[in-house]
Amino acid sequence: MTDPTPALSARRPSRRLGRQGLVQLLLLALLLALPVAADLTGHPYYVTLASRLTLIAMAAVGLNLALGYGGMISFGHAAYFGLGGYVAGIGAFHAFDMTPFLGGIPGSDNLLVLWPIAMLACGLLALAIGAVSLRTSGVYFIMITLAFAQMVYYFANSWPTYGGQDGLPIYLRNQLPGLDTQEPLTFFLICFVGLVLAMALTSRLMGSRFGAALTMARLNDTRLATAGISPTPIRLVAFVISAMITGLAGALYADLNGFVSPSMLSWHLSGELMVIVILGGVGRLYGPLVGAALFIGMETLLGGLTEYWQLFLGLTLLGVVLFARQGVMGWLAGREPHA
Amino acid sequence: MKQIARLGAGLLLAAGIATAHAEEDVRIGMITTLSGGGSHLGVDVRDAFLLAIEQSGREDIEVLVQDDARKPDLARSLANEFLQRDRVDIMTGIIWSNLAMAVVPSVVRQGTFYLSPNAGPSDLAGRMCHQNYFNVAYQNDNLHGAMGAWMREQGYQNPIILAPNYPAGTDALAGFKHLFEGEVAGELYTQLGQTDYAAEIAQIRASDADSLFFFLPGGMGISFMKQWAGSGVELPVFGAAFSFDEVLIKAVGEAAVGARNTSLWAHDLDNATNHAFVESFREAYGRTPTLYAAQGFDTANLILAALESAHPDDQDAFREALREADFDSVRGEFRFGPNHHPIQDVYVREVVMGEDGEPTNRLLGIAVEEIQDIYYPDCKM
Amino acid sequence: MSATLLLEQLINGLQLGTMLFLMASGLTLVFGVMGLINLAHGAFYMVGAYLTAAVTAASGSFLLGLAAGLSGAAAVGAVVELVVIRRLYHRPHLDQVLATFALILIFSEGTRWLFGSSPLWLNTPEWLAGHVPLPGGARYPLYRLVIIGVGIAVAVGLWWLITRTRLGMRVRAGESDREMIGALGIDISRLYTAVFALGAGLAGLAGALVGALQSVQVGMGEPVLILAFVVIVIGGIGSIKGALLGAVLVGVVDTLGRVFLPLAFRAVLPPAEATDVGAALASMLIYILMAVILAFKPRGLFAAHD
Amino acid sequence: MPEAVLALEGLHKRFGALAATDDVSLTLRPGEIHALIGPNGAGKSTLIAQIAGSLRPDAGRVLLGGVDVTGESVAARARRGLGRSFQVSSLAEPLPAIRNVMIAVQALAGHSFRFWKPVARDPRLVEPAMAALERMGLGHRAATPVAELSHGERRALEVACALALRPRVLLLDEPMAGLGPEGSAHLTELLERLKAEVPILLIEHDMEAVFRLAERISVLVAGRIIAHGDGDTIRRDPQVRDAYLGD
């Protein structure tokens, strides 16, 4: 995995590079090894839990591109997560019912068909939302993205064809040719590959000319405009790519759960994705993974201990924001050289 | 390396290890809503369920309880935890239809029994019914339909009806109209989670309706009733027990008095099982049970009764025993239809001011005898 | 559709608007003066309602409860400011979002721990339970008119506070130039605590007043919070005038949309579908309004500053 | 007389009752430095904003190389060859110096929607950026984050960023501000050499530098240009002495 910051930063002590690289490698290895071990020892529950963690992390990787690298604080990424989920759900619904979608399009349970559609749909939605929202900035941007997500949420809630608030079940996991997606470990590996690809894409993207422009748009958009590059198209494209990654994660998440409902579109979920990104470390490649691991870990562990677990979750989050400024990834791996 | 050690420790902690349990023991997994809005329903189901298990004196039953925080994906994950890690024999506890739809189909398909202590979405009674799924509470339409029938009998001709715009809401109004069989003065839909009903109340006032039927569960019902009382509109009010449980009407106060509601149970229902239940629940928890508690209590007793004749590992025998429903229900007669949903009497209650100055429900009589849902013909079991 | 019903619905919209204004004014002040985005503002609304319910039940006096709700929420606000919020002023918006999101969880579950899961009882007091006749024959609940009155009184009070008092001068200085109040030798941290407590108190007042009309339960602040955010964004963040206008706009549009959209669609669609489409669109209406306004005025109607 | 590379024609801008820019016309010809001076509050910043494109004039036109750019954005004007530096340095602080320059080179090298190839090892970006840095004497600081540069180095870096655009016009907003005498002298020398390549519109308080560098000087007071001419003309102008130099 290439580091998004330039090789030119020769000042960076090599020891620190080693530490960050080592921690990152270890994280990926653990994420891969634990579910495989759980599967071998007959604990499929942990495989499923790891899939859930992986997909939430992937959704947060998408958000991190907009929020961390692009400086666009989107409080509405649940819209893309949920839309991706609904694409998977609606495709499966029509494939199962043998009814056409919107009058003519046949349903499909082939993931190779559903994934591109999910990403396309999310990309288009983000294009529309981004084009309006990026006219604003600061708190206005936070709030207008929230407003758009709420619109989608209420729409899904009251649209009866696909279950409304009850949601839409996916009776059989959608299929990938040649693989048994029902098998927990197989499905986990699909998710894992998705996460790694999303992270690799982010890393590659941020090292490219586009990434350089996006970084400048975040740090100093006047400088970018003065150089002759309009910040808004750069941001908009980043916002769209970000939404597509989150949407793909949502499509997989719906398949994992066998279920999609408006709760995947709720503002709580947008908030949780933000929390995960911040918890892990904003604008850090591995931040979303660490954040998701912590969040899911706390939800699982505390939830079993006390019915007031959300109180302790809140206290923990508060502690992190007040005392661990760089996110947990910063604590583990040191300061990002040019964050 | 210090950081790596920290990380490793954290993940080890996260792993946790399932404890083994003896072969003949019975393990029940309960996923219910214990935190956030609407958690009093889950709390009552849990408390009554545990009370019944405790009263049975059986040491070989282990009940695991988890909070779903009313999130479908969390409920789904907890269900996996119960199925794959704890290997429970029976699951129960879900309050909300949308969570039930997320969890139940996959649980029963994987060969585990699920007994619903509250939610009864129509799909699970009809085309998605399953041999391992038993609903011990009601099908969602039961109480609304029963109120429709009763209001027709009472001579109301022109009710205006109101519900939130979501599947359970539209189902409720459809169920009401199905058994009311007449024309209604109007149908109003509110937003889910809406808190202010001034606009709807003004519309009701402006209509020529002779009565009001509404379905607004939980906090929505409280808000509506308070505002209704303040509005001075004088139509008689009807609803289902979901807006008039003992907890809710205490929060509404005097404003609830006079409202009539259908319920499958009443705390003053006259049978020995019920007397004992209400008394022991009050003693154990210091409050009057709601119908959710009654449903939780019945669910536990149904399981206990079935366990007398078979262990869940013997799936066919245990299923047969559940189907028999040979237990003393707090609501009197209880049996299952072909789709494993109850065929039961539905009662009418009226909210009255109790002797302690707090409103309470009083049984008026039976609204409809032996009501059955309308979805069972779709059920191919 | 009679003129009376339209008038009644307009008053309903106004009442929803004044309630939103009580929430939004604190939110917008806190943002305008301290640059803080506070997701936990709804918690003070809940605290106000719970304290009012508890004190009213214990003392039998609604006014006493109201006073407790208002002052209690302000006190809780001051404590939260001292313990948590003041560490966030110089942090990026992101940190503020995370910390105040955490506060939502803490307050919701803390309240449930203290008061239990069941909604609390709180009703309109007898002496406010009457009705006022409207032209055209309908009767309007007195209590709702009282809420409108309180909202207007608060708006006037805030206007007076900000334009005519020393505290207000400092607040305005804070809006235009945060460095300057420091230079004036004003104790900024006390000013900030005061402003935050004022905002929390107003939210508490809103919760207390509305608690008599709605369910007093955990999480009651969240739907209002989102509406209040819509209000201040429409009005222009930091502007009290904008908050007032935005609140009334949102209140009226939401109320009228809920009533008239389904009716309007009935003219062109079959009744069942009209209800579906109308209700769905009505629930999205204020967000559409907000998007349209921001598309043309990206900083709201009365932007004070960024 | 060669055609003006930059021309302002009758610019007006009002803020409420205040006329911040009042009928300003001005030209910049190839090979010259045209200085714009004026007391604080004269409306220099407002004027610069209108030239750069971050503020739209109420009336009047801005022409770059004979083309009317009045309706164009900052970025579009930059692409037409308008390079500028800022009064308060406007750089991406956490990034190494060279990254600030590279973004300008990147803009010149075509569109930025290239998602794959890493910039860090792209000689087409790195080499011109290094050249611009070295020209301003910053070659050895290429990898240093801006936050760690001295004030003088930052001012030089601003100019390097503008130069990397290979501009046709350079708009420098008080480049000497905050520099010591030595730094000023050094920068003055640099600009002297530069003007043959790029005409410069120089906004500056350092009168010594202005009189030494500028072929023509315009004096802006209260939004209006009250005097215009070469150094001697301006020094002798009674209005200027009265309004500006006198005190």
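To keep things simple, chains are lettered A, B, C and D as they appear, and every chain counts its residues starting from 1.
Please note the rule applied: a residue touches a chain if its C-beta (ideal position, glycine included) is under 8 Å from a C-beta of that chain, and two chains touch if they have at least 3 such contacts.
All values derive from a computational prediction rather than experimental measurement.
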Touching both subunit B and subunit C (chains): A
Whole-Å separation of chain centres (CA-atom averages), subunit B against subunit D: 72
Centroid distance [mean C-alpha coordinates] between subunit D and subunit C, Å: 48
Subunit A and subunit C: spacing of chain centres that average the CA atoms, whole Å: 32
Length of the line joining the C-alpha centres of subunit A and subunit D, rounded to whole Å: 43
Shared-contact residues (touching 2 or more other chains) in subunit B: 34-36, 165, 191
Touching two or more other chains - residue numbers and ranges from subunit A: 154, 157-158, 160, 308, 310
Category of the chain touch graph - line, ring, star, complete, other: other
Complex contacts: residues of subunit B adjacent to subunit C: 34-37, 39-40, 43, 165, 187, 189-191, 193, 195-196, 198-200, 202-203, 205-206, 218-223, 226-227, 229-232, 247-248, 250-255
Interface residues, subunit C side, partner subunit A - complex: 31, 37, 39, 84, 87, 91, 93-95, 97-99, 101-106, 108-110, 112-113, 226, 229-230, 233, 237, 276, 279-280, 283-284, 287-288, 290-291, 294-295, 298-300, 306
Subunit B-touching residues of subunit A, taken from the complex the two chains share: 19, 22-23, 26-27, 30, 34, 43-46, 48-49, 52, 154, 157-158, 160, 163-167, 169, 171, 253, 257-259, 261, 263-264, 268, 293, 297, 299-301, 303-304, 307-310, 331-333
Of subunit A, residues touching subunit C in the complex: 67, 73, 75, 132-133, 135-140, 142-144, 146-148, 150-151, 154-155, 157-160, 267, 271, 274-275, 278-279, 282, 308, 310-311, 313-318, 320-322, 325
Partner subunit A, residues of subunit B touching it in the complex: 3-4, 6-7, 10-11, 13-16, 18, 34-36, 66-67, 69, 71-74, 76-78, 80-81, 83-85, 97-98, 101-102, 105-106, 121, 128, 165-168, 170, 191-192
